[in-house]
Structures are given as structure tokens and as C-alpha cells.
Amino acid sequence: MSAPDLLTTAEGSSVDEHGGEADLLSLRGVEVGYGAASLALRGVSLRVGPKQAVAVLGSNGAGKTTTIRAASGLLSLHGGRLVAGDVRFDGVDARRMRPHQLVARGMAQVPEGRMVFKHLTVEENLRVGAATRKDSGTAGALEQVYELFPRLRERKGQKAGWMSGGEQQMVAIGRALMAGPRLLLLDEVSLGLAPLVVEDIFKQLAKARAEFDLSVLLVEQNALVALDFADYGYIMENGRIALEGTSEQLRHNPEVQASYLGSGATRERFGVRRAARPRRRWLS
Amino acid sequence: MTAFIQYLITGIAVGSIYAIVALGFSLVFKATGVFNFAQGSLMMLGAFLAWTATARWGLALVPAIVLTLVISGALGVAMHFVVIRPLMGNTLLTLVMATIALSLIISAMASIIWGSEQRLFPSPIPDHVLIVGGVRISTLDLIVIGVSGVCMLIFGLFFRFTTLGLQMRATAENSEAAVLSGVNSQRVFVVTFAVALMLASIGGILLANISLVSLSLGDIGLLAFPAVVVGGLTSIPGAVVGGILIGVIEQLSAAYISVESQDVIVYVVLLIVLLVRPWGILGEREVVRV
Amino acid sequence: MSDKKRLGGSRLTTNYRQDLRVMPRGPWPWLCLIVGVAFLVYVPTWVENSAPLGIGSADVNFALITIMGAIALNLLVGYTGLLSMGHAAFLALGAFGAALLGVKAGVPFWITVILSGCMGALVGALVGLPSLRLRGLYLLLSTLALNFIALFLFLKYQLHAFGPAGINYPYPSFLGITFNNDTKWYFLLIVCVIGTMLLSRNLLRSRDGRAFVAVRDSDVAAGVTGVNVAAIKLKAFALSSFIVAFAGALYAYYVSTVNQDSFSLDQVIGYYACVIVGGLGSLSGAVYGALLYSLLPPILTQLSNDVGPNAPVIGPLLAQHASDLNLVIFGVVVLLILMVRPAGLASIASSIGQSFRRWPFSS
């Protein structure tokens, strides 16, 4: 079941700015449940093409992290299971694959909360990321990551647990890059970081994307930054895709502005507020 | 004073055996979260396997030990696949009972296969007494300390400098992050178990040399748990420190208080540590998310 | 209690009896009760005369004592989720109380046994104090330590007050009957067991009982909803220990001689095996598990007698290593239950019951 695309071309049209035959990652009609409770994802379909950056936006509990888990094979670790739907990565059915197999095929993840190995040094953290590299390319990859994040080179012998949030984020991204991926999954990269740090990181991500020809799927609560970075976006709500479109289109959509970007005509000053306008729910 | 030093050395020898067993145990616990109650019986099994290889099959000491290690490693792999993997992620009680059940099965099968007699370990390890500065030191003790030390060193180097060791450390710290970084967690768990069992076997063989090859080795192995807790359940070096400490406490208690009370004193120490500082000497306080 | 007329004639119920009226079950419960009681009364004669499957009257009595211990453990672990390894120590405490009061001080049997239970409750509450700070694995280890320490102290007492051979208990007498044979003991024990079962069942239906389960599921959440978690944990320990010490005192009198080998860590493990195989958190589970655990050895012995020592493979195995075989079988059973059917024998029993009730529509 596809979302009522208010903004993209008509249903059934195969000529789309977004998506196509050579999709790197595609989810179709994915339904996910945790335990016996109701479904967390109710028919999510999204696509990431080669060298494309796609953002998934939405508020807490909308199902964004679950979507990433469904793509990267980490559902069962959290007690979830794929009830229905298709997940294809690079043309192959990814549903039964174990996470390390997906990493070997070119899908790397920067998890929510960074999850660096606190007791390992920066360099050791990066080396863990090269777990799936069979060749002796680890040294080369390490160099590339240090080029991208010179700060990490400075601190390569230090325990990762002692570093600041922004530095840890670099470690996490670097670790993902060590696997030589073609698709990078970013889960809430901006969480807990100061705005300037966030800007910095996204600049470096843009650089990495250009240098390594990466596709990116990023899950973000910070819609502004995400839409700046990405080419295409999906807005999730209650386990479904509520809206999709190019980042340009989404940025100018008044609903999106009201709900996620906080800009434009409906912005109110802090202080006494008028009664809030009921937000239209696309699907519930 | 000389008596004290003698007891101390014996304590360190016994303690280093505990340390090896505790190390294997701590490894499994950190990597998989499984508290392997069977470690004591596995120690006994290792001793019996080595004894069978030397006394029954007539192998020389070194090949016998190698064979024992290979079999223990294989058993570790089997144990992981048959028992641990299906149960991972379950409640604490489930895992505890599963390993306890394993321990019962192993002890009982050992009793069936080898019977309850106590045997001497036929070993060319020299058991002389050196006198250094008026202190009587048994060469056996020294060799045990030496062998344990070498084992731990090898293990430490493996852990610190190899790729697999790095992956094991990463998995032990945060298994989800390791998995999504591309680490094959299955392989890590299997290797962890195999290594833990091998360590238990080494501990068993060493202990059998100090005392006897008998079913009671398993009970002695039970003391590895206080060792791990005192040293710190969340710390691998803690296991080593805890092991040696417990060994020393045990020997000193036997010498200065009474032989029957040596185990009880260890448990009193365990209790005090649990009440005062549950995360042990080298461990870190755990923050539990509700 | 006036029921449906209250509260403006509404259908709100205020006790279990009213609740049960929703589903009239006719004469069945009463019939089952009568048959059950008749069977229980018949058991001692049946077992004495024909030893079915090799089960003797002593085995039945041991089974009954084990049932009490298993119910007590279920209360602690199954209902409240407190992992305690101290069971053997409390049995020893009961024996100690019986020795101190009954043997040394000559206190009448029934008072001795109850007072031993009370001692158990008191010590249990003390042992429960660490549980307020420690959780899960740490609690397990601390109770393990306490278990060893207590057994050591028991040994000390035994050696000091009685000697290395052990403590001897005379035949107890109660209400003018001297309990000197298995049949008399059977009736005493069956009354105690039924009492314990009723206690356990009613506890779960009470407010405290529900608090126990709440603490098991999430003690922080329980605390937030107003449960006095500390008090509940101590109550659980006290109650469970009362029953165990009570059973321990009975056990001491029953076997007449007790020494340090009577109580061990293996016993604790055995009780855990009972509760797990039977089904954690289930009263009937504790009963099934205890029955299986205590009746398996005599059945195996009978099997080995029947098969004879010359049968291929099983013969000598059963003959010489019966007790080890027991452990192996039970260990395997525990593993199977954990892996295949964690809810235990009780759940198997209830599924069988369900399919009978739904026949011919059972799936």
C-alpha cells in the first residue's frame, strides 16, 4: 500500500525522479511487529537509489528506527519480526540475511546513540568496522577515514569513551566507513549534539558521500538539516509513510513546515499562544 | 614468617588455577551474558580427559594435553550450538538452570565413565622442594604459577593484538554495536566458548597435578565464582586478580584458622564483597535501565 | 456475604465464590474432590501392598516433603522472582530447630515443628535483607554464600551438641499417636502438604500475592504503583523459609538421623529442577515437578531390578550407576523443558486438559 503521494507524480507512473530499476535498497509493504503487540510498521515502502541520499523524518515512535532495523537485519535482536513485505538490497532478498552478511555486501550503519566501544581506542574502534574486509584494504581504509576526520588521527590511541559527543560521532561514522559500504544508514546522527557540531558532521558526511560515492539513508528528527542534506524524503507517522517527495518539495510543503520545520506563516512567538490549530493527520 | 611465605606461594599457585578458570568464565559472561555454572565440572572433565590420554592410552604429556584441548574446544563448540544458542536472550534463571543442568549431566557422566576412585595424575612434572632463604618452595607450585602465567600471557596477547581478539572484546562490550559493524557474532561466541573450555581444561589439569584426579575437582572449581565476583564480574583482568586473591585467602585460612573453614571463609568474603561493593575490585558499577 | 443485591442491584462480584457462579460447573468439582480424597486415603495401602513401579511408602513420604519444599521455592522464585540458593540451609535450620527444641529441650512435637518454621521465617527475613539491595545474579550468589555458611554452622552445631554420627530424633507423638510407621507419617504429611497448597493458592488470590507477582515482573514499576517492595520481598522470604524450615523439621523427625551430608547444594539444585520442570510460577507445576523428581529414582531402581544386571548396555549401567543415571536423566529433562517447553509440565498437563474439554474440537 503506497502513501497518498500528494506531491510526486501520479500513481502507476513508472517515470519517477526517485527510484528506479537499479535501486540499492528497497522496502516494499514492510510490516513489522514486536512480540504480540500491534504492528510497529504497517506497510512501509521506500527506495534508495545509487548515490542518492534519502531522509526519513517523523516524530518519536513513528517507526523510523524500526525501518532501519528492518533494512539492516537487526530486528530479531530487539525481539521484532518481519510480518510481511519485501526488503531488497542490491538486487538480493535481504530478509533472511544476517547483519554481518549485509555489511559484507555493502550496507553499513551508524546506530542511534553512536554506540562506540568505550574501552577500545579510536583506532581499535575503526578496525572493528573492517571486520568484513577480506582483503588487506584495512590500512588503506584507515587512511581514508583519517583523511576525512583528521581529529581522529590525532586521537587514535585514546579510549573512545573519553571523547566528546561530536568526536564519538566521528568515530561511529568512521567505523561504518571502514567497511567500504555503498549504502550508509544513519540513525539520529544529530541526537544530543550542539547545532554547530551537527553542521560540522553533516559537512563531513557530504564530503564522504562525494568521495566514496555513497548512498545514504538517514533517519532524523532534525528535519531542517536532513532536508538540506538529502535529495529525497519520506515522512513517517504511526508506522506508515505519510508523505514523500524531493527535499525541495517537502521543504515548501506547508504541512511539513508547520509540523516539522517550524517556519513560515504559522510560527508563533514564545509566550502566550493562540489555541493550536489541529494538525491534520494523514493516516492513523 | 617463612611459613607465611610458603602458604602465600601455595596460595598464589592455587589462585592462579582459579584465575585461569575464572578467566574463561569471565570471557563467556562478558561476551554472551551467560553465567556458566558448568565451568567447574568442565574443569574436572579436562582433568579426566588428560588422565585418560596419559594413563590409559599411554600418550606423553604434551600430546595428551593437546588432545585434551582439542576435545575441550570441540565440546565448547557443541555446547554453544546445542544448549546456549537456543537459549540466548532468555531470563537469567533459564540460563543459570541450563548451565547447572549441564554441570549435573557432565558430573554424572564422568562418574559413570570413570567411577569415583581418586587417581594420581601420572606426570613428569617434578615435585621437588627448593629451599630459598629458609623458605620451602615446591617446584610444582612454581611450575603451576609459571604455566598459568604463560597461558594468561598468551591469552592476553591474543585478546589484545589479533583481529579475532579485537572482535571478541568489541562483542563483550557491546554486542549490538559489534554486530552492526559487521562482526560475525556467531563465530565470536563459538570461539569464546571453545577458549573458555580450553582454559577450564588447563586449570583442571594443573589442579589435578597439585591434588588428585577425582570427581571433587568440580566442587573446587565452584570457587571460581567467588573469584570472578570479587575481582569484578564486568572485568576480565578482574577475574585474574580475583582468582589469585581467593587462592591466597583459601590457603591462609586453611593454615591459620582451620582446614574445614577454608571454603566458608571464601564465601564470607564473597558475601561481604557483594554487600559492600558488588561490582568487585576492578569492575564498574552497572547502571540498570528500567 | 450478600451478593447481587448490593450496589443498586448491579452484577459486581466481591469474592471468588460469586465469580465462579458465572460458569456453573455442576457437580463435577465435588465429584472430583470426593474421588481425590478417596484416592489419597487409599494410596498408603496400595503402595504398601503392591509397590507400583517400585515406589515404596518411604518414597511417597519423601515425595510429600519434597512437594512442600518445591511449593516454598515456587513462592520465592516463581511468584516473586527472587533467586535464592539457600533452600538446603533452611531445611538444615528446621532440623536444627527440631534438635534444639524437640530433642534437647523436650518441647512437644507440634510446637517444635511450628516454632522451627517461625525460626525459619525470622532467618528468612534476615536473609532477605540483601535482596533489597542486590538483584538477579548478585542475589543468587549472595544466597549461595549464605547457604554454605549456614551449612557450615549447622555442622559445627551438630559436632558440638551431638557428635560426628549425627543428630537423632525420637519418634514424634501428636494427639496421642506415635508416628512410627510410614502410613501414619503419610497421613500427617498429606495434611501438611494440602495445607501448604491451600496456603499457596490463597496467597496468589490475595493482595499480597498479586504484589509478589508485580515485584517479580518489575519491582521498580511495582514500587511506583504503591507496592511496598521491601516489605513484599521480606514477606516472600519469610513465608517461603517458614515452609522450608517446617518441612525440614518434619524431615528430620521422619528420617530420625540427620548429619551434614543430609543437606547440600545438590539438594538446592534438585528443588530448582523440580520447580522448573514442573513450571515456574505454577502451584501444580511445583507438585508435578516434585513428584517426578522424587519418584524417578525408585522407578529406575525397579527398572534395573527388572532388567537385571546382565542385559546389554542398560543392565550394568542401571545396576552400578543408578544415582548418576538419575542425575543425567533429570539434567536432560531440565534442558529439554527449558528449550522446548519452558512453561513446564503444568502447561503440558493443562493443554491435555484443554484438549479433553474441547473434544472433538481440539486442535
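Think of it as A, B and C in the order they're written, each chain with its own count starting at 1.
Basically, a contact is a pair of C-beta atoms (placed from the backbone, for glycine too) under 8 Å apart; a residue touches a chain by one contact, two chains touch by 3 or more.
Since we're looking at a predicted model, the values are computed, not measured.
S.K.: By CA centroid distance, what chain is farthest from subunit C?
M.R.: A
S.K.: Report the chain ID whose CA centroid sits closest to the centroid of the full protein CA set.
M.R.: Of all chains shown, the one whose C-alpha centre lies nearest the global C-alpha mean is B.
S.K.: Give, as an integer number of Å, the spacing between the C-alpha centres of subunit C and subunit B.
M.R.: About 34 Å separates the centre of subunit B from that of subunit C.
S.K.: Where the centres are mean C-alpha positions, what is the separation of subunit A from subunit C, in Å?
M.R.: Computed value for the inter-centroid distance: 54 Å.
S.K.: Could you work out how far the Cα centre of subunit A sits from that of subunit B, in whole Å?
M.R.: Distance between chain centres: 44 Å.
S.K.: Within their complex, state which residues of subunit B touch subunit C.
M.R.: 35, 83, 86-87, 90, 92-94, 96-98, 100-102, 104-105, 107-109, 111-112, 225-226, 229, 233, 260-261, 263-264, 267-268, 270-271, 274-275, 278, 288, 290
S.K.: So in the complex, which bits of subunit A are touching subunit B?
M.R.: Its residues touching subunit B are 72, 74, 77, 98-100, 103-104, 108-109, 111, 115-120, 124, 127-132, 175-176, 179.
S.K.: Mind listing the subunit C positions that touch subunit B in their complex?
M.R.: 77, 83, 130, 133-138, 140-142, 144-146, 148-149, 152, 155, 218, 220-221, 269, 272-273, 276, 280, 317, 321, 324-328, 330-332, 334-335, 338-339, 342
S.K.: For a test of understanding, state which residues of subunit B touch subunit A in their complex under the given definition.
M.R.: That would be residues 163, 166-167, 169-170, 173-174, 176-186 of subunit B.
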